[in-house]
Structure formats: C-alpha cells, structure tokens
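Order of writing sets the labels: A, B, C and D. Residues in every chain begin at 1.
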Amino acid sequence: MVRREIGNNIRSIVIVAVIAGLLYPVISSIMPGWEVMLTYGIILAIAALGFNLLFNYTGLLSFGHAAFVGLGAYAVGLSVKYIGLRILEVQVLIGVLLSALLALIVGFIAVRYRGIFFAILMLVTAQILWGFYVKFYHITGGTDGIRIPRPTLFFIYDTTGLGYHAFNMVYHYYALLWFTVLAIIMWYIVNSPFGYTLRVIKDAETRAVALGVNVNRYRLLALVISAIYAGIAGALYAPINRLVTPDLAYWTLSGKIVFMSILGGTMYFLGPIIGALTYVYLETIAQRITIHWYLILGITIIAIMFFMPRGLLGLTELEGFKKMARLFSALRLQFKF
Amino acid sequence: MSLDTLARYILDTFFFASLISLIVSGLNIIYGVMRIVNLAHASLFTLGAYTVAWITANYIVKIFGSNLILLLVLPLTIAVIVTVLVSLVMVTPLLRYSYGKGDAFQLIVTFALLIIFEELFQIVWGRMPLAANDAFFAMGTVNLFGSPYPLYKVFVIIVAFLIILALWLLTYRTYLGLLLRATSMDSEMVQALGANVIRLIVVAIITASLLAGLGGALYVPTASVALGLSLDVLIVAFVGLVIGGLGSFIGSLIGALIVSIFRTLSIYFFPELELVILFTVALIVLIFKPEGIGGGKGW
Amino acid sequence: MSVSRRDFLRGLIGGLILGGAATALGLYVAAPEWFRRRFVEKPVTEVERVPARPLKIGLQFMTRGGGAPWGDPTFKGAMLAVEEINAAGGILGRRIEPVIKDETSPDETVREYKAMIGEGIEFYVGLISSSNTPAVAPVAEEAGIISFFVDGCTDILFEKTVPDPKFSFRITNIQSADGVTAALGAIKFFNLMEKDKVRIAHIHPDYAYGRNAHAHMQIVFEKVLGRDRVEVVEEFWPGLFRVTDFGPFITKMMAGRTDIVATSLWAMDFINFYKQALAYGLFKVAKVVSTISHGIAPHLVESDYPEGFVAGVHANYYFLYPEHESYPLNKIFVENYRKRWGEYPTNGSEGAYTAVYLYKAAVERAYGALGRWPEADELIKFIEGASIYGPAGILTIRARRPNKHQGYKNAIVGISKVDPRYGFNILANPLRIPIERITVPEGWEGREDPTMAYNWIRETWREGELPV
Amino acid sequence: MLKAEGLHVSISGVEILRGVTLTVARGTIVCLLGRNGAGKTTTIKTIMGFYKPVKGRVTIDNMELTSKSVHERVKYGVSYAPEDLRIFPWLTVEENIKLAAKLAGRNVDEAIEIALGVFPEIRGFLKRQGFYLSGGEKRMVAIARALAQNPKYMLLDELLEGLAPIVVERLSKALREIASKGVGILIAESNVMLAKRIVDEAYIIERGEIIYSGSIDKALETENIARILGVKIKP
C-alpha cells in the first residue's frame, strides 16, 4: 500500500480549520450569502469523516449514513418540540446516544455482511427511519418537519436575540470548534492501534482472524464511532438549517455523503473534509450556471470515478505538484523562512 | 369483505406485482451476469413511460384516432425500441466499463447515471407530468362480481405473465439461458471455458432494458409520469430485490409478489405504515436470509 | 513524526492551490456581479432617491415534478407582471430583474432562499407548498427581505410560526377557508342538509395542507349537519406525489359504501386519483368534493373529468369569475396572460401577478410619502392594511392579529362541468362566499390548536345552520 | 507445441513471474512443480490469458496467443481446470459438460460420450448438481469438462491435492489415457510425491523463476532443490 502522506497529518486539520475560520468574514464581505455554505460544509465534513472511517479504514460502504444524520437532527427537533430543550450540547449528547444505540442494534447484524449487503442493510435502515419521520405526522410533523428555534450554546449563551448574520457567524465558529475537535479525535483514532487493526481487517481479513482479532467486534466499534460522528453532524445541522425534515434521513443525503468523500479522495484523511467543503460550493455554483445542475453533478461524479479515482487530493500526487512542492521547500531553505 | 372487494384487491396486488417483477427481474439479470446493482435501471422504466405518454398524446391519437389495437401495440413497440437504443448508448458502455471495479465504484457511478437521466427527462419532456390514458379507457371495464374493474389492468397482468413465462423458457430451456445461469454463478469460469463475457453482458443489459422499458410503457396508461418516478420505483423494486434475493430469477417473482402483497395489506390495515412495513419486511429477510428468499443459487 | 514538516508544507501548498482554484472558480461565477456593484455602479447614497441598479426579485416555485401543474402557472403569473411592469418602464424607473430558483423540499427550498438573499434580491414572490412557507418565513424575518408567499396557505404560518410577522406576507386565502368553502359547497350543491346520514371518506396528501383541509372540512360537516349525521368511513393519507396507484384506496372506499369522498389531493395526485376512480366506477356510487381540483392550469382539467362534483379552486379565483363583462380587470388579465403564455391563468397565476403589483403599489405610495425609495422596514407600513384591486377582485392584507399579514379575498367554489366552448372541464355555477363569514375575525382570541379557524367555527357557529 | 517464453508478470506492482519459459508438446504430461506462492497458478493463468505479461509471449503451434483474450484461447485448443475446480454449483454435471462442449463449438452428445469414455463413473451422477458432488467427483467432472472441449492442450492447476491415494491413482491413469490420445497436459503441483506418480519430467519453479527442468529423481539429488520441494534427502 502506497503511503498517502499528503493530507494525513494533524497539522493539516488545523490548517483547514484556520482557513475555514479566516475565509468566513472574507467571503461574507465580497460574496455575501456564500459564507453560509462554509458552515454547511464543515458540518457535513463531520458526517463524511465518520463515513470514511467505515469506508476507507474498515472497508465497509454505507449507503445509509443519513440514518444517523437524521437521528441526530431529530434528537434536536423532538427534544425542542416535547421538552423545550434548547441547550445544544445536551441535544448533541442525546443525538450521540441515539445514533450509537441505533448503530449497535443495526451493527449487531450488519457487520457480519460486506459489500453490497452491508450497503443495502444500511440503506434500508435509513429508509425505515425516513418512513417513520414521514408517516408519523403527529409526532414528527411529517414532511413539514420540525422548526428549530435558536439554540443556547455552552449552556449559557442564548442566541435568540442575535440578528440573521450575527447568528450565522457565531454559529459558524461554534460548528468549527466542534469540527476541529472531532477531526483531531478522528485522526488519533485512525492512527491508533485500533485504526491499524481496522486497516489490517480491511486488507486481509483472514490474516486478522488468524491473529486472533475479533473482526466483527472491531467492525461494530467502527460503525458506532462512525454513527456518532454522523449523529453529531445531524444535531449541528439542525439549528443552522432552522428546520428538521425527513430529507435528512433520505437516501439522497446518504448519496451526497458518499459523493463528498469520493470527491475529496477517500484514501486521504483530509479527503472527506475537502470533499464536503468543495461539494457545497460546487452545488451552489452549478445551480447558478444552469437550472440543470444535477446534470453537471452526475457527469462530474462519473468523471471523477473514471478519471480521478483518488479524488481532488489525488491531484497533489501529480508530478507537477510535487515539483512545485520541492521548489517551495528549496526556496524555504534558501531564504530560511 | 365482500367478494368483489376481495377480487379487486387480488387483481390490484397482481397488477402491481407484474410491474415490479419486470423491473426486478431486469435488475437481477444484470446483477447475475455482472455483479452490479444498477441503480439507474429504474430510469429506463421512466423512459418507457415518458415515451408512451408523449407519443400517444402527440401522435398516435392524432393520426390513428382511438383504434384500440394501434393504441396498445404501437406506443409499446416504440417505447421498447427507444429504451433499448438509449440503453445501448448510455447505460451499456458505462456498465461495461464499471464491470469488475468493486461495489462502491458501481453503486456510485450508477447513482450518478440516475441523476443524469432525471435531468435529461426534464430537458426533453419539461417539468410537467405527462399522461396518456387513452388505452386505459379505450379498453373499458370488466364486471367483477357486480362492480367494474379496468380491463387494462388485467391486460397488463396477462402481458407481464407471458413475458415472465418467455423469460423462464429462455433461462431454463435454451443454451443462452444455460450460459446466463452459468455466468451468474461464476463468470470467470465461463470465460475460461470460452464464452465472450462482454458480449453476454451487452445481451443481458439489453434484455434488462427491454423489460424495464416495457414495464414503464405498460404502466403509464394507468397513471401519469413525472420527474422523480424513477426514485420511487427504484426504492420499491429494491425492496423486492432484497426480499427475493440478488441475482435470482425465481426470487424476482417472489420478491415482487411479496412487496405487492404487503403493500396492499398495509394500505388496507395500516395505511400510515406502508413504507415502514415494506422496509421492515426487507430487513427481516436480510437478517434471517441475507441472500434473499430465492437467492444464492444463481439465475 | 519526523517527516511532519514536509507533510506540513505539502499540506499547506495543497490547501492553497485547492483554495485558490475554488476561489477563482467562485469569483468567475460571482465576480461580474460583485465587480459591477463595487466599481461600476455608484453606491447608493442618501442623496440618490431611487437606486440606479435593477430591482432584483426572487421567484421560487415548484416548477418541476408533481407540483408543476400548480407551480408553473404561478410562475408564469409572476413573470407576466414583471414583464408588464418592465415594458412600462419599471417601478419608479427601476427595471425588475428576476432571480429564479426552484421550490422543492423545505430543506432545499430554505437553502435556495438563502442563496437568493446572497444574490441581492430586494423582494421575493414565491412558494406553493404549505410545508415551505413555515420553513422560509422565519428566514425572511431574520434576513429582512419583503417576501410575498403566493400560496402555502397553512394557518399555522401566521398563528404559530411567525405570529407577529414583519417582512412576510401571504396573498392567497388562508387555508382554513379552503376546507370550509369546499365543505359548504358540498352541503349546498349536494343538498346534504336533507339527508339523514352522510358517509364520508377522506383522502388527503400527508402533510400540513392535507391535514388542515381534513380538519376544516370535518368540523364544518359536523357543525352544519350535526355530529351524529356524519360518519367517517375511511381516512387515507397518501404521501404527497408518492402514490401513483390509488387502486387499493378506491377499492376500500367503495367497500365502505361511501357517499361523499372529501379530498384535497392536488396536481398530479388528483389527476391520477380521478382517472383511476373513473375506471373503478367510484363516481357512480359516490360524490366527490375537492378543495382544489380546478386549481391547476384550466386546460389540464381535461374533458374526461367527472362532471357534477364540487370543484374547488383553493377558495381563491377562477379565470371566468368575476365575470369579464362586469369586471374588466379580470378580462384584461386573462387576455394578456393568454397572449403571453397561450393558456388560461390559474388562481396561482392571479396571486403571483397581484403580489408583484402590490409591491409596486406599495413602493409608489411610499415614494409619495417619503420622497425616496423606501427601505424594507419602511415599506411594511404601506403594505399592512392595504387593499388592491386584482383580477380576482379586492385583496386586503390584514394588519392586526390573528393572522396578521394574511391576504383576504372572497372565496369561490363551483360544480365541475365540461364546456364545449373551451374543450375542457370548467368550474360552473360559482358560489361566492364572503370571506369574513368563514374566517377568524381580527382581534379574535382563541386557541390555535389545530387552528384558530377550527376553534372559531366550533365555538361560534350554530349547529345545524348554514352560515351562508 | 504450447510455448511460454520469458514471461514477466506483475500483479498490483509486485513482480510475480520473472522470465518463465516452458514447453508442452502434444501427447505429453508436463509438471510444473513448486511451493505455494512460487508462481505456478500465475503461470497457468497467464497462459490462459487472465494476466497480461509485461514481457514474454505465449504461442501455440507457432500461433501467437499473447494478445488474445481468455475466451479466444479456447478456440485455439487450450482448456483449463482451475485450482478450486469451479464446477457450476447449481447446474447439473451434464449441463456443466454440455456448456463447455458448446462453448468450444463441439457436438454436445459426442463430447459427453468422450468424457464418459474416460470417466465412466460420471454416468452415475450425471443429473446431480455440482454443489452436491464430493471432492473426488468434482475433480473428475473438472477434467471431463476440460476434455469435452476437445483441447489440444489442457492446463490443470493443483488437481491432485488432498485426495486419497486411490483417487490419485485413478486420476493419474485417466490423465495418461488422455495424453495418449495426443493431448498435451500441463499440470501444476506442489507435492513432489504426487507429481512423481504421474510423470517424471518436470519444471521446478521458485520465486517466479524456472530453476530446473528435467527428471524429478535427478532434481531431488540436488540438495538445494530438494530443500525447496520439502523433501528430506536420505543419508
């Protein structure tokens, strides 16, 4: 296995976070309205990170991660609707517990299967939840969804009084904080003995079994962690969207999460993050160019799959890019900066 | 429940099962030969439906009036031809090059193809739903224990039955069927024995497209066709596929029938739970028999 | 890690290049506009009384998928107004420039709405679905964009979601009026007052609109006919545009010996439903009352529609009424609309058309008072409480709670009938219902669960008596 | 003559074969002997066309096969029985053989007769599905299936492993019978003792290279080769 150095270290996470932080005021001043996408992007990146723990490190393709995203979002929505809870951290915790519980229940069965069966099992799970949200109108509000009031952050900071732009900005940095912490934790997870074991299981399952590894237990744990990430993303998604609807558990969202990770490059730790951030803008730009933007999306997906299987970060391995990197480091040595 | 109601329910169940089984068996042929679950398959169903709706309303009715035979046969034939041609241009090459590239790759590529189809329908046929119920009404109704039932739905059930029968004969009574079944069990070995698997793949995709296009063409006189139909159809077909078993011919039929039965039952008893029930059945089947009811034995 | 410094550099360069490329792409798309705003046009100053830049209007309707027969004419109505105003020189000389987005699920609709704000719209006309107005309105309030919702008329919007709106308005009649009008139409046209027992089957789309229509039709039946004379045989809740085969539903209705099928299915759902119901012979045994059957483009209501059922137009407007001879405003609108789009307008077209003109009228009045182009929060005062003559007659925007910012006009319901002059099925024998007789009056204070109108009817209507 | 000349094969960046050269003449049985992972299966699969060699060529009676795809090679008279046999599990034995004959363009009834001529036992389970066959039966069917294609050359991968000596004896006899009809057989084997029961001449492969060709007995006299093949040399 070729080692993918680029985008697989802890500093690059910090760099992305810092860039996402600095870029927000810049975008909002030169292209107002475009800055919200950045927030959506980093929140979806959290879900994509969870997805990739399963996909790249464990070798399981989940076509139903929207199940956990939806559960996280509905944890926020239902806790607001029925107990008036608005402290976001507590809501996130509820989302995490529910996602983990669901992952444990489904995973108990699902981790025994691979490939298409695992993908379908996850898809079916998500669709059942979706059916529940849609059909139980009196509990979930059906397709109308549940409106989310402004949350209280850090237990004491009530955001109700903030204006539209002020709240968006505050929430962006709040989400960014979650993102940074979660991404760093994920980096430690994939580079821990646990993470290496997952990779051994993925590449050579029989060898792992021979070494006495309980393969299914490892897979289950990976699924639970992955679900927790998606759940947190769902919970964080609710307040910025102001609305929780069954769409958040629909298979198209699962598809989007898969696509984001592929776009960025699933072989890289940073891939899903870059993918999510690029995707939200790609979607917006494509929508501006043409009303037939799904056509562009579809063609892009196919082109990436055939011609850029390593995704956007795969470009950094091109010779030209490497040459530039060498040039840059030579310059740096020369001038000692 | 009175007799006429019961009879209607049974016929409705079979009608829905007929359409679903046409799609599911197509999905299964492709899966059998290539090990690809083609998510874009339902788009061909929609394509067939759009073609019939468009051609009937714009040409057939205007040129030939409401001649029943022409209304039934002509749009159906054209739709099937269009579907197969489009499949040859768009679906076949993509699937061919996705062959053997891994589950993730294939699922993602076919998903993208589904999106592209959805958008192309919009460009060609606009955003309005299309309908062409002429054949449906021209056929009239049949008296079913005292209340009317649309004859067209019976016609669809019969046509689907004949198609399935032909498919069965093809699979179990011909050399091509033998080859197809062998390929669904072990395509590499078939190749090593001297079969041109790529050619077989093309044949399989065309057959599947034909079935899907026919399904859509049969469906459209009973309802209208709109954007988003592919997704709805795909999801139901998918449940049928899972229940019946991936890559199994008998499974396709069983799956379609079970989906249809549960759908009718849930509409009758718990209309709120229709989708939940369908997916729960699929989940239960996956847990206890992950290869599906008829799965695991090749096509 | 020993190599981490090199990793760091590579990561940095990768990030920079990707970031740069993304920014460049973004700039390529957005820059001309931004550039123009920054450097070419002079910034708006206090001295400048009317900004020179075009006036951007956001238009967002369901123009694809099953909702298209409804959303498409609505969009056309708005575009007609925009084109007419532009041809006449714009609003105070400002050309209107439409920014067009799609209305889909609430989630995506809100995101698109936000994107429109980013593109600098100054006012907004949009929305068909009752799922979407409660989703978009809070955002409109926060962002301070004057937004006219053409439809999406759920009572919840101005009762619960934004009880004290500033920037959001709604043109269509409130949703409770829809169910009430249809039920009253059924009682009148079918002479239900004379029947001993009425067996009703409900079939409604499973979201706010359907739930709402169900509640209001049911309360009117129960109140006017008397609770024990009404028997509900079945209730079906097919998901909006999710069911194409209504066979099982229809079979069950017929099995239950239904007299009246009460429905609020619309657009594609209604078309599929009635075609299958025809084939199953439902209309031979049961009468149908629909809140909304004739709300789609009139020519799409084909001549095979069953005749003689209670046809609703969402309690709003039909292109034949008010009669053209006595009300030329409608005649002109219908003719212009026909000339532009080659078809007859719907109540949605009328609503969107009137909304654009309402904005124009308000701006002009504000200009008269202030002597300059009004800010959004100044403009509100000129819309609240205002009345405007539209093609449908007079439309009044309510200024006080409950249902502040809701538009009111007289409701209409009729009988479906094939008209050889048009070659399609029209709404005939119009029954016009004064809106104040069927909606919550200003200042009424009552419970809002499920809606105020529901409780108002329950508490104030006299049992066994027709209010109109 | 089936010839492989200087085959170099890489699989996902790892070089598996490094210049393998061997020849099989019609009417002879040639054994490719080596440890697990030495490159036996890769050699056979490359001759069959499953792997494209980086360098080197495959010819049959001086006709170039290197660029031909797998299914075309069957038409030139090569047939193949893989290591895991790959009998189609849900087809009957008869259908298995029929399919092979048909794909090679042969008359089906004739082909079945020929196969039954070598393995009369098969007649007893002709209608049984492949899934329900025992290991020994499967191997017979695998050989019969290859034979039904009327090949000039047969490639058999690890056919004898794990069988009872009596079955080995039966299969060896059959192979000799087939060879006597003018078919060239290349058989891959890791067990020297089993190989010796069938044939004396062998190519010995180690780490992707042919390190010896000739008599097995002679080879075992060389300490190095004997160690590779896991045979203890008597003092």
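Basically, a contact is a pair of C-beta atoms (placed from the backbone, for glycine too) under 8 Å apart; a residue touches a chain by one contact, two chains touch by 3 or more.
Since this is a predicted model, take the numbers as computed values, not measurements.
The chain with its Cα centre farthest from the Cα centre of chain B is D. Taking A-C and A-B together, the pair of chains sharing more C-beta contacts is A-C.
Note: centroid distance chain A to chain B, computed from Cα atoms, is 34 Å. Note on chain placement: the centre of chain C and the centre of chain D lie 75 Å apart, centres being C-alpha means. Centroid to centroid, with C-alpha atoms defining each point, chain A and chain D lie 51 Å apart. Taken residue by residue, chain B touches two or more other chains at 122, 272, whereas all remaining positions touch fewer. Residue positions of chain D touching 2 or more other chains: there are none. In chain A, the positions touching at least two other chains are 134-135. You'll find the chains touch as A-B, A-C, B-C, B-D. Note for the complex: chain B touches chain C at residues 1-2, 5, 8-9, 12, 15-16, 122, 127-129, 131, 133, 136-137, 141, 147-150, 152-153, 222-224, 226-229, 232, 263-264, 267-268, 271-272.
Across the complex, chain B is touched by residues 63-66, 68-69, 72, 236-238, 241-242, 244-245, 247-249, 251-252, 254-255, 267-268, 271-272, 275-276, 278-281, 304 of chain C.
Chain A contributes residues 5-9, 11-12, 15-16, 19, 23, 30-34, 36, 40, 134-135, 137, 142-145, 147, 163-164, 167, 241-243, 245, 247-248, 270, 274, 278, 281, 284-285, 287-289, 291, 312-313, 316, 321, 324-325, 328-329, 332 to its touches with chain C in the complex. Looking at the complex, you find that chain A touches chain B at residues 55, 61, 63, 109, 112-113, 115-117, 119-121, 123-125, 127-128, 130-132, 134-136, 251, 255, 258-259, 262, 292, 294-295, 297-299, 301-302, 305-306, 309.
Those residues of chain D that touch chain B in the shared complex are 48, 50, 70-71, 73-75, 79-80, 82, 86, 88-91, 95, 98-100, 102-104, 145, 149.
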